[in-house]
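After this come two complexes, each holding subunit A, first together with subunit B and then together with subunit C.
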Partner chain A sequence: MIDVHELRVYFDSARGLVKALDGVDFHVGRGEIVGVAGESGCGKTTLALAISRLISSPGKIMGGKIEFEGRDIIEMDEDEFRKSYRWKKIAMVFQGSMNGFTPVFTIGSQIDEVLMIHGYHGNRVDRIAELLGMVELEPGIARRFPHELSGGQKQRAFLAMALAIDPPFLIADEPTTALDVLTQSSIINLLKTLRKKKQISIMLVTHDLALLSEIVDRVYVLYAGKLAEVGTSDAVFERPKHPYTKGLIASVPTITGKSISGISGFMPDLVNLPPGCKFAPRCPNVMTICKNEEPRVQRISEEQKAACWLY
Partner chain B sequence: MVFRKKPFLREETHVKAVDGVNLKIRRGEVLGLVGESGSGKTTLGKAAIGLIKITSGKVKLYRRDNTPADVSSAKGSQWKRMRAELQMIFQDPYSSIDPNMKVYDVLRIPLEAHGIKKKAQVDTRIISVFDQVGLPADIFNDYVFQLSGGQRQRVGIARVLLFSPSFVVADEPVSMLDVSLKGDILAIIKKISENFEVAFLFITHEMAVARVISDRIAVMYLGQIVELGTSESIVSSPLHPYTKALLEATPYIDPSKRDILKQVNIRGDINSDRPDPSGCKFHARCPYVMDVCLTQIPSLKEKESGHDVACWLY
Partner chain C sequence: MDSIWKSTTRQFLRSKSGFAGLVMMIVILLFTVYSAAEVPQNIAFKWNNPQSWTGNPVGAAPVWVGVIGLHVSPSIPVSLKMWQESNVSAGAARFYEYNSNSSFSWSSSTTPQDVSFLPTFRGNAISATIAWTKPGAKAVDIQVSQVQSGNQYDANSPDFKNAISQYILAQTGQYSSGLTKSQVMSALFDQNGKGLLSGPVDTGDFTVEVQLLSTSPLNFTSNSSFNVIGTSYGPMGTDYYGRPIDLGILAGLPNALELGILTSVVAVVGGVIFGGLAGYFGGRKDGIMQWTTIVFLALPALNFLVVISYSSSLTLLEEGLLISFLSWPFYAIIARTVALSIKSQTYIEADRAMGIPAYRTFFSHFMPRLAPVSIAYTVLGIPAGILLVETLGFLGIQPPNLITWGTILDSAFFNEAALYGWWWWVLFPGLMIVIATIPFVLMGFALDKIIAPRVTNFD
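Moving on, here comes the complex of A and B:
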């Protein structure tokens, strides 16, 4: 469905060139839920923005390809992308989406506008009720204004709006981070149901590893703009290969109460990246070659790939 | 620390942010306070150290020499002395520490405010707290804006330790930090609690974090504590339907749970602006609701040794 190859996105900042994404491959198949994990500054949101064609100055796509259903969407004319792809085929829900509603119109009228603009031919009133029902909101919400809703309700309403035209591909970037755990749980259940019923493909970007492990088929782990590891959910969470992935998993607090470790050191400055492997300064298994040469992504098992000199 | 009933009224509409909470926190204990937004947990935390005026009830601090002191009504120099013993770690390290100050000054100024002015004394104290939080002395002259979130949070904790407090309220101290940094901060808090017998009220909305750091956990809903027990018993044998729902909804790294829809059978949002329902505040969302729940508020009672719950099921 979506194929990203060697994507490079750089930002021109006052301090220098920020290599937010530096040669990343990414793929989501039909009906797949794929996770993109990593901490702040790893490039995961940049990846989501690049696919949505929302990278704007000072950021620029400097290389690579993004193909959606076989068509190159980087080179595509903005008009065509807006008319045929954005919202119709590629829908987006971001962390602050709940604030994306304009406060002066009702929720219903805003969803209605989306339906009209994208040429929805059925009965719009019915469709709005159906969409709200899908996200477990009562139909009366359509008549309310955004400020009358709680954060969780707004986020769900936005998700309903994103799904208005039945897009086959949904990008969700930290969709539940600002929400309470119970609301988060119901939204995740909703995404699972959508995949089952409509075969929708989902790209779920979040730092919350526990959340990812509950829903994704495959997961990409990014570090400092590069891919550290990718594999099936089982493989990566149960048998992580890259030291960063291992450190990350060991840092997640769990209900069992086992004490958690951290990863020493800090994320590198994306303007002044160290030579060689970007994780070398913090890696417990670092070797000489790591400081000099960057490892390429290699297949480690049938279900896993990692970029690490240990393999 | 001992609290008694404390409703907190705001403006004309009487939002009972904290409504009848009784809680004892022991010396050197880490008590996790778990609740969602709107549960009143931050209000309770602030009231516990006198940052908010309480409407009724008492907050009593038993000082290091065991003399009781009333936090809620202290004034003047008595209050000033008590301030040093009661401290708070804030959620957002970017907005709770002035980014335009030098790190050294962030710690020097409170010391001077409490009469410690000689450079040698100030330096000794600052180096000592830096050591406890694992910060290198060479960042003394850096500006706070040069530090990362994790480093700033450590400065925030160092600031709290300046006066050897006996009670610290930590309000979501790791919520805004990346996963790889949480462990370190939690370890620092645990170490301080054990080595210096500092009691912590650790406020969080994440059960997993509470489980890792707390000795006991109190679960809060709409201004009331609905369950209280050791963190082990709360997690392995939750009693209150709300606690069970929170645990069920908490994601857990376990790929075998993928594709299974979570059985969280309560609906709706915690809506703290709605007028107080009569009876148990949870009844509108409770899957086990009975007639008595609609009219009478259950009080927190001991169900098993050291495990209290406020629910008509018991």
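Moving on, here comes the complex of A and C:
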């Protein structure tokens, strides 16, 4: 469905080029839920924005390909992309989607606007009720204003809006970050149901590894704009190979109260990246080669790849 | 959408200042409607022509000043109608004689400033004789030779002076020449005792009989008049040229509102759209648009207006547009700031992801957020517009043949109203400028509180 090759997204800043994404490969198949993990600033949101062509100045796609159903959407004319891809084929739930509604219009009228713009042919009022039902909201919500809803309700209403045109591909960028655990799990269950019922592909961007392990088929771990590790959910979470993934998993607090061991140091400055492996300065298993040469993404097993000199 | 407007309206009406402002505005609008219906279209031409006001008292106080203890005499129009025709033959010649009589009651203790006889007829008359009888039965006959229709004969005219000096001669045996207007008036109105020109005013019924003599028949289509011109006139008095101030106030009201509303609406709408677009576009376009705004902001507005109004004669519409052209940058800067903050909202990014066209995002998601601010600024901009327009009128910068309160004040200043003590000439236009701006200020404050609640009321 989505094939990203060697994607480079740079931001022009006063200090120099910020390499937010530097040659990342990414793939989502039909009906697959793929997770993108990593700490803040690793490029996960940039990847999501690049796929939906929302990178705005001073950011720029400097290289690579984003193929959607075989067509490169980077090369596509903006008008064509807007008319036939945005929301129709690639819908997105934002990090702050609960603020994604204009405060001065009702929920219903905003969903209606999307339906109208994308030329929905059926009865729009029925469709809005159906969509709200899909995300377990009352049809009466349509007449409410955004400020009258709770955060979870807004998030679900936005999900309903994202599903308005039956998109085959949904990007969910931190869809549950600001929500309580119960609402979180209900939204995650909702995504699961959607995949089962409608066969939609979902790209789930989050730093919440527990959430990812729960739902995704495959997971991409990004570090400083580069791919650190990729593999099936089981492989990555059970047998992490890359020291960064290991550190990340060890940083997740557990309910039993085992002590958390984080990763020492900070992510490198994206303007001045170290010459070798980007993770070398923080890596517990660092070797001489790590500091001089960049590792390439290597197949480690059938279901797992990692960019590390250890393998 | 609907409920937001409803709740805003409810809040607005509940706030004291909003409600008071609304009531005042309705009253002012009723006066405007009255003005539009009652004041003739060509009033401005008439207003600026001193000849049109010769029948009116000059510098007369408002009629109600007796209430505050000032002594004034009323102005009484005495209409001469129902002319009775009789024929007189004298030898071979045949004369036509027309008589009309009228009376009025005088109760003021002050002598009026003038009388004026204004005959109106068709044809040629030889002479007119005015038989003036005072309540004390003393009578003066005033002979007007070669009387002409439409001419005005007042206490200053030689015919009146001659008649009065003969009257004085008959009463006292003394001949007096070079009578002044006020001497003529006191001879006509006072109870003449020994000191003929210094007695108290005679009160009661005065009668005026007018006889016109002609060699050919005369036609009377409209009424002739014999007006007693007192020292008070109308609800707001008159000015140096005899123009009633209340008429000027009434004629100036629609102009003030029209200019105030026009300048405010055009400037705010233009400024908000421009500034809103600048904030919406962002980046280089924003830079260029902001630069343009600042250039316009830096234009010296007064110099600009002076040059333009002296080099071309503007219409009311053009003046309004010119002022808005010079004042939109303020609103553009405010709107740009608001737009920038709207732009950073998630829902604007969401709109882009949803494939909502840019123009649609702007009009359906930016403008509704800018609308409340714009409404408050429009309402507050109206009094500012009125004040500016009146100030410019006072400085003489305004379309020709337009009555504004500013021009009334200008002419009061020019004719030294303060020197004559004609306070009504200054007070009423000045007061009206304040009164016309107050409702908008009140409503603007009320709206501002609802739209941008900054001050919390703890009571």
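Heads up, the rule we're going with is that the second predicted complex is superposed on the first by the 311 of 311 C-alpha atoms of A that agree within 3 Å, B and C clash if a C-alpha of one lies under 4 Å from a C-alpha of the other, contacts with A are read in each partner's own complex, and residues count from 1 in each chain.
In this text, a residue touches a chain if its C-beta (ideal position, glycine included) is under 8 Å from a C-beta of that chain, and two chains touch if they have at least 3 such contacts.
None of the values given here were measured: they were computed from a predicted structure.
In the superposition on chain A, A:T106 makes contact with subunit C only, not with subunit B. In the overlay built on the shared chain, the residue A:T245 is in contact with neither subunit B nor subunit C.
Of the two partner chains, subunit B is the only one touched by A:S233; subunit C is not.
When the two structures are aligned on the shared chain, A:T254 is found in touch with subunit B, with no touch to subunit C. In the superposed model, A:S57 lies in contact with subunit C only, and not with subunit B.
In the superposed model, more residues of subunit A are touched by B than by the other of subunit B and subunit C.
Legend: residue contacts after superposition of the two complexes on their common chain; A:S201 is shown touching neither subunit B nor subunit C. Of the two partner chains, subunit B is the only one touched by A:S186; subunit C is not. Of the two partner chains placed around the shared chain by superposition, subunit B is the only one that A:E214 touches, whereas subunit C remains out of contact. After overlaying the two complexes on the shared chain, residue contacts for A:F94 are found with subunit C alone; subunit B is out of touch. Overlaid on A, the two complexes show subunit B and subunit C touching no common residue of subunit A.
By the touch criterion given at the top, residues 1, 3-4, 283, 345-347, 349-350, 352-357, 360, 364-365, 368-369 of subunit C touch subunit A in their complex.
Residues of subunit A that touch subunit B in their complex: 39-40, 136, 150-153, 180-186, 188-189, 192-193, 207-211, 213-217, 233-234, 237-238, 247-263, 266-267. Against subunit C, the residues of subunit A that register as touching in their complex are 52, 54, 57, 82-83, 85-88, 91-92, 94-97, 99-106, 109, 113-114, 117-118, 145, 158, 161. The part of subunit B that touches subunit A in the complex is made up of residues 36-37, 148, 150, 178-184, 186-187, 205-209, 211-212, 231-232, 235, 245-255, 257-259, 261-262, 264, 266-267, 269-271.
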